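There are structures below to look over.
What follows is subunit A paired twice: with subunit B in the first complex and subunit C in the second.
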Partner chain A sequence: MHLYTRSKGPFLAALAPAVIVYTLFAIIPIFVSFYYSLVEWNGFTDMKFVGLANFAEAFGDKIFWHSFVNNLYVVAASVFGQVPIALFFALLLNRKLKGSKFFRTVGFLPVVISTVVVSLVWGMIFNVRRGLINQLLSAVGLEELRQNWLGDPKLAMIAVCITIIWQFIGLYLIIFLAALQNIPGEIDDAARIDGATGLKQTIHITLPMIRDTLVVAVILCISGSLRTFDLIYVMTSGGPGHATEVLATYMFDKTFSSTRYGYGSAISVCIFFFSLALIGLSNLLLRRRAF
Partner chain B sequence: MKRSGTRKWLAMLMAAMLLALTACGGGGKNNGGANGAGENGGQAGNSSGNAASGGGSKVELTLWNIWTDPSAEHQSSLKQVETFMEEHPDIVIKQQNIPHDQYKVKVKAQAAGRELPDLIQVWPGAELAPLVEGGLLQPIDDIVSHWDGLVISEYLKDYSVDGKVYAIPAQVVPTHVIYYDKDQLAEVGYETFPATYEEFKAMILKLKEKGLIPITLGNKGQWVLQSCYISTIGDRLTGSDFLNAVLYTGERKFTDPEFIRALEIIKELVDIGAFNEDFNSIDNDQQREYFINGEAAMMIDGSWGLGPVLDAAPDKNIGVAVFPAVEGGLGDPSAVSVVSGMGIAINANLTGEKLEAAKTFLKGFYTEEYFKEMLKASILVPAEIEAPAEVSPVLMEVKELASKKVAPVYDATLPPEVTDVINAGLQELSIGLVTPEELAKRLQDAVDKQKQAA
Partner chain C sequence: MAAQSADARNRAARKRKLAWRTFVYLVLILYAAINVYPIIWMALNSFKTNAEFSRNPFGLPKTFHLDNYRIAWETARLEVYFFNSLFVAVAAVILTVLFGALAAFVFARFPFKWGNGVYWYFVLGMLIPIHATLVPMFIQERELGLLNTYAGIILPYIAFNLPVTVFILTSFMKSFSKDIEESAVMDGCGVFRVFWKIILPMSGPALATVVILNFINNWNEFSFALVLINEESLKTLPLGLANFSGQFTTNYGAQMAGLTLAILPVIIIYLFLEKYVVKGMTAGAVKG
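The block that comes next holds the complex of A and B.
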């Protein structure tokens, strides 16, 4: 205890490396981005200060908003796909199940696989000519259900969302499992004595007990989905025709393909504020429902 | 009890988040590493004396290129560097080989940070110009005479900006060649390739009836419809001085009916089912598969597509053609979009000993032997040299096709921003998200905006 009474020097010294690295590589670039978002710059020649023109252009840019909406789809797919499915499996695996260790490993496997591999594999699964899904549909005589999954702008986003859900279920599965196993046995016993079993027990005892974990999972989900980039970049490059474009891929495209560093930075500043707003909002909503 | 549980929970979650953070950090670090490498190159360039003394009497030069795949083209380039180092033990070339699509992005990003290597593989025209304008490269006019009598000077102009030469090309690249399976075309009654667009369409329908993919296409990277298709198809309709008239004099516009007609042709080809269904989800390398294994009767690709096809299917009876004449077109029906390629430029920072070494490298790299290796790899070269015996006769046919009239390649001519609009726009056009008229207008708007900014 007496450690706390001493001078703060050692604490600061111990913290310093982490703080310096974090400031240098995370905080300062954000501000540099703010500055770049106010200039017109192709990366090669001199910068030209243009004030808020980049933002004005972004807000009038249809593809920008389209990408934003796609981002919201990814958020929705994550929050309403990943979390419930992961929770469902976590509840199943939490029971004394034969081979639960095996299933846990299987469930977590996709998280360990590199995103590039996941994208390529799912790209093949969704392929219209040779893909697993279409082959399967033909094999069982449902030929009319065959789809051009990644080539049809109406379906491409769905295909991408399915892949994203699949990829991250395992992560939340493990988080939820750990939370579930942390519920003291006495509480379960007490619930059973009071006559709460099965679904009743799950809804009224188990879920409230892991509420905090659920909230954190939802927030992780939201912030993770807003940064979605690698999977989409490899799987569809935002195509066909911007159908699967999200803010991060659009920003990348504008910055490095069109070499408009200013405009790209303006988009990333927008991503920054959207994320803040969305996380703030979800925090507010989830808090309010607290008991 | 409960509280301590929650606290444990929070601790675990913090751990999980930390993991997530470090994962991000890892990604960042990789970039940092790459940056660092570039930086070293730059610093070494600034203080050449130090670098030289540091490595004994050796001069070390960094070189970035796209020689990553096992094709004869890339392998012989790598070998050429090895040979050079054996002949010049005092010069060490340190390479980074990066796949094409990523390479382009990396160069742009590193150029913005002014952290390019000593020697950089560059693409001509509109892709070279910004690097020059940014003062990142230095001209090599003082050594160009070394290649007199070998490199045909006409091909140097693609690598020239404001009259100064920045790189020597090792390749002449037609970006549009129709490769077709002679046997499959004969089966549907075509002994010769159709001479008009209408006939070409009729043939496509017949091939489709036979259950073949008429033309294999992989446009995931979005540049294929632009570089290999519209560069030549557009030329059929608009003639070869169109792009210059649009960009510089403003006499013509993308909204002119001729260009709109060119866009309509792309749309028509999609609508009659000329392509494999997955043409927007596979890339330019993958498109070859359908042609190699005989599922597709035709492949429209640049000259770079020939080598891999010949390697994989040496017995295939391949014919070559160019896009047929289109009624009402202003262009020469034999014109093909061609650009020079495989140039290596020198970083503007190089001085003294390192600069000399870099020039020695260029002289030692672009040799007649190298050009011969390129021909063997089924790549055309910007030199009149006798073709080695093992060169494929198909390549000679491609050379014949490409030597009649040269049309500009769109992405080597248009500013990057406009290229981006046409790349994405053609993909949207191919899935019906935009009409030819709308796309034409979008392109003209992008050009007007560029002019305003300039």
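The block that comes next holds the complex of A and C.
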């Protein structure tokens, strides 16, 4: 359209505020963090350029790898917990069903609640003495199954993963429902005429139709899980010991508690590249595999 | 004979269908319960004294006693946190949506040479993990004197919400017809007048979506607030609540009261504007 081409001035003016704020507060910090990852610095005295030493240290750091593995647990919990559960309920709700709107509303509710509140509420639910879960166990006479959910290094990560799964099922539920509702009705009809019903129809017709959405969901799970921070920081601060430490909490701890800005930045850069790599990898694998 | 057996078969089929329906509803009700019960548990127990909570953790409170709310409100400075959250969220929403809409308007309506490039420059920003920027952001704001200021937290909120805002608004503005603006421009309407009088009003539904998405994102944000705000009087609700719970780990009632108050606005927005909330938050997640 050459309607507006008389002068460029107003358009540049319209674009400027967004470009300036975005560049200064989102793009530049990323590049600066690449730079910081190459220095040794406590935030106040002079920086010392150390090349890749921070990365070398990180790769030899047991807690770094332990945090990375915990990140992978979170990824696994999301991919194998959130996605199948959400898909199951999306398939159940994708039919004429009285009250399906109610279930959608309720299903999405946890997604809108602040992660801080979610972690505090679930922190109380998992509390040893007065938490919901232990009280429920006592109430049904399973006293001996009571656990110190967040205090036991073996269980803490499980408790964290349950919370994460709970928080985001609704998001995928809605994404899947939207995709299912986009499948044209004729395809269902054709399938029925050909004798594909129920489970058969779901596996051979419905799921392949929403494949792209499933791929997107898995990628979302991965990128979201690698960024997990708020929830663990508030629920356990990475503890007990480092049992629930993930890369972002470890980065935070190294930077702001140990004031090792360079090392913390190196971990941030690793988070950045790990997430790119995992997303790329899953993209590659999932697009190839046929259901 | 034949008719009879057909009838029986029909009845059996109907029975099976009923059984299946019942099963589906049972599963769905269980799912709904798991979703809302933690919140209901919290809300109900926020009205109980500590003693009653120990005795009766599941049931309704005997009396709805508001002491916990008073304690939470007075000791946690909730009113300060509420005000800060509201102020920061609203200011950031207004600026993000204004800046984003202006940019989207350019991308949707002005085909200049590097327009597409600038558009992708924004949209790819959705891939930036914010935790990778916490350290440099902290240093940058320290240098600029922005730590512990409203601006210091509003600016990153704008920057990190612009990509999804630009994305949603651009695709919406591209979709509607250009006839009206064309005649307005013919009549000598300037670019900004066209924006205010025509583009913005026509973008209503998309604006509602991004306003709500931005508001919820900002209202719930924690990491930047944690790093950039230290001063008690500037803390936002998530930050304040996280601290508050640290201090009151033994007083469950007050903690639950504080949390219940904190999620109330978002739940109300959600229940009344569900369509926009869901649309915004899924678009924000899927990003095309």
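The working rule: the second predicted complex is superposed on the first by the 262 of 291 C-alpha atoms of A that agree within 3 Å, B and C clash if a C-alpha of one lies under 4 Å from a C-alpha of the other, contacts with A are read in each partner's own complex, and residues count from 1 in each chain.
Following the convention adopted for this analysis, a residue touches a chain if its C-beta (ideal position, glycine included) is under 8 Å from a C-beta of that chain, and two chains touch if they have at least 3 such contacts.
The model shown is predicted, which means the values in this text are computed figures rather than measured ones.
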Worksheet item: What is the contact status of A:L220 with respect to subunit B (first) and subunit C (second): first, second, both, or neither?
Response: both
Item to complete: State whether A:T236 touches subunit B only (first), subunit C only (second), both chains, or neither.
Response: first
Worksheet item: Does subunit B (first) or subunit C (second) touch A:I30, or do both, or does neither?
Response: second
Item to complete: Could you look at A:N148 and tell me whether it touches subunit B, subunit C, both or neither (first, second, both, neither)?
Response: first
Worksheet item: Which holds for A:D61: it touches subunit B only (first), subunit C only (second), both, or neither?
Response: neither
Fill in: Dominant toucher of subunit A (residue count), subunit B or subunit C
C
Item to complete: Have a look at where A:A178 lands relative to subunit B and subunit C in the superposition and call it first, second, both or neither.
Response: both
Practice prompt. Determine, under the contact definition given at the top, whether A:G43 touches first (subunit B), second (subunit C), both, or neither.
Written response: both
Discussion item. Identify the residues of subunit A that lie in both the subunit B contact region and the subunit C contact region.
Written reply: 25, 43, 123, 175, 178, 216, 220, 256, 261
Worksheet entry | Complex contact set, residues of subunit A against subunit B | 25, 40, 42-45, 123, 126-129, 148, 150-153, 175, 178-179, 182-184, 212-213, 216, 220, 224, 236-237, 239-243, 253, 256-261
Fill in: Touching residues (chain side subunit B, partner subunit A) in the complex
1-2, 5-6, 8-10, 12-13, 16-17, 20, 25, 28, 32, 105, 108-109, 111-112, 130-131, 133-134, 136, 220-222, 276-282, 416-417, 420, 424, 427-431, 433-434, 453
Discussion item. Quick check on the complex: what are the subunit C residues that touch subunit A?
Written reply: 24, 27-28, 31-32, 34-36, 38-39, 41-42, 53-54, 57-58, 95, 98-100, 102-103, 105-106, 109-112, 118, 122, 125, 127-140, 155-156, 158-160, 162-163, 166, 178, 181-182, 185, 190-192, 195, 216, 219-220, 222-223, 226-227, 237-239, 241-242, 245, 252, 255-256, 259, 262-263, 266-267, 269-271, 274, 277-278, 281-282, 285-286
Worksheet item: Okay, in this complex, where on subunit A does subunit C touch?
Response: 1, 3-5, 8, 10-11, 14-15, 17-19, 21-22, 24-30, 32-33, 36, 43, 89, 92-93, 97, 99, 102-103, 105-117, 120-125, 130, 132, 135-136, 139, 166, 170-171, 174-175, 178, 216, 220, 223, 226-227, 229-230, 233-234, 248, 251-252, 255-256, 261, 264-265, 268-269, 271-272, 275-276
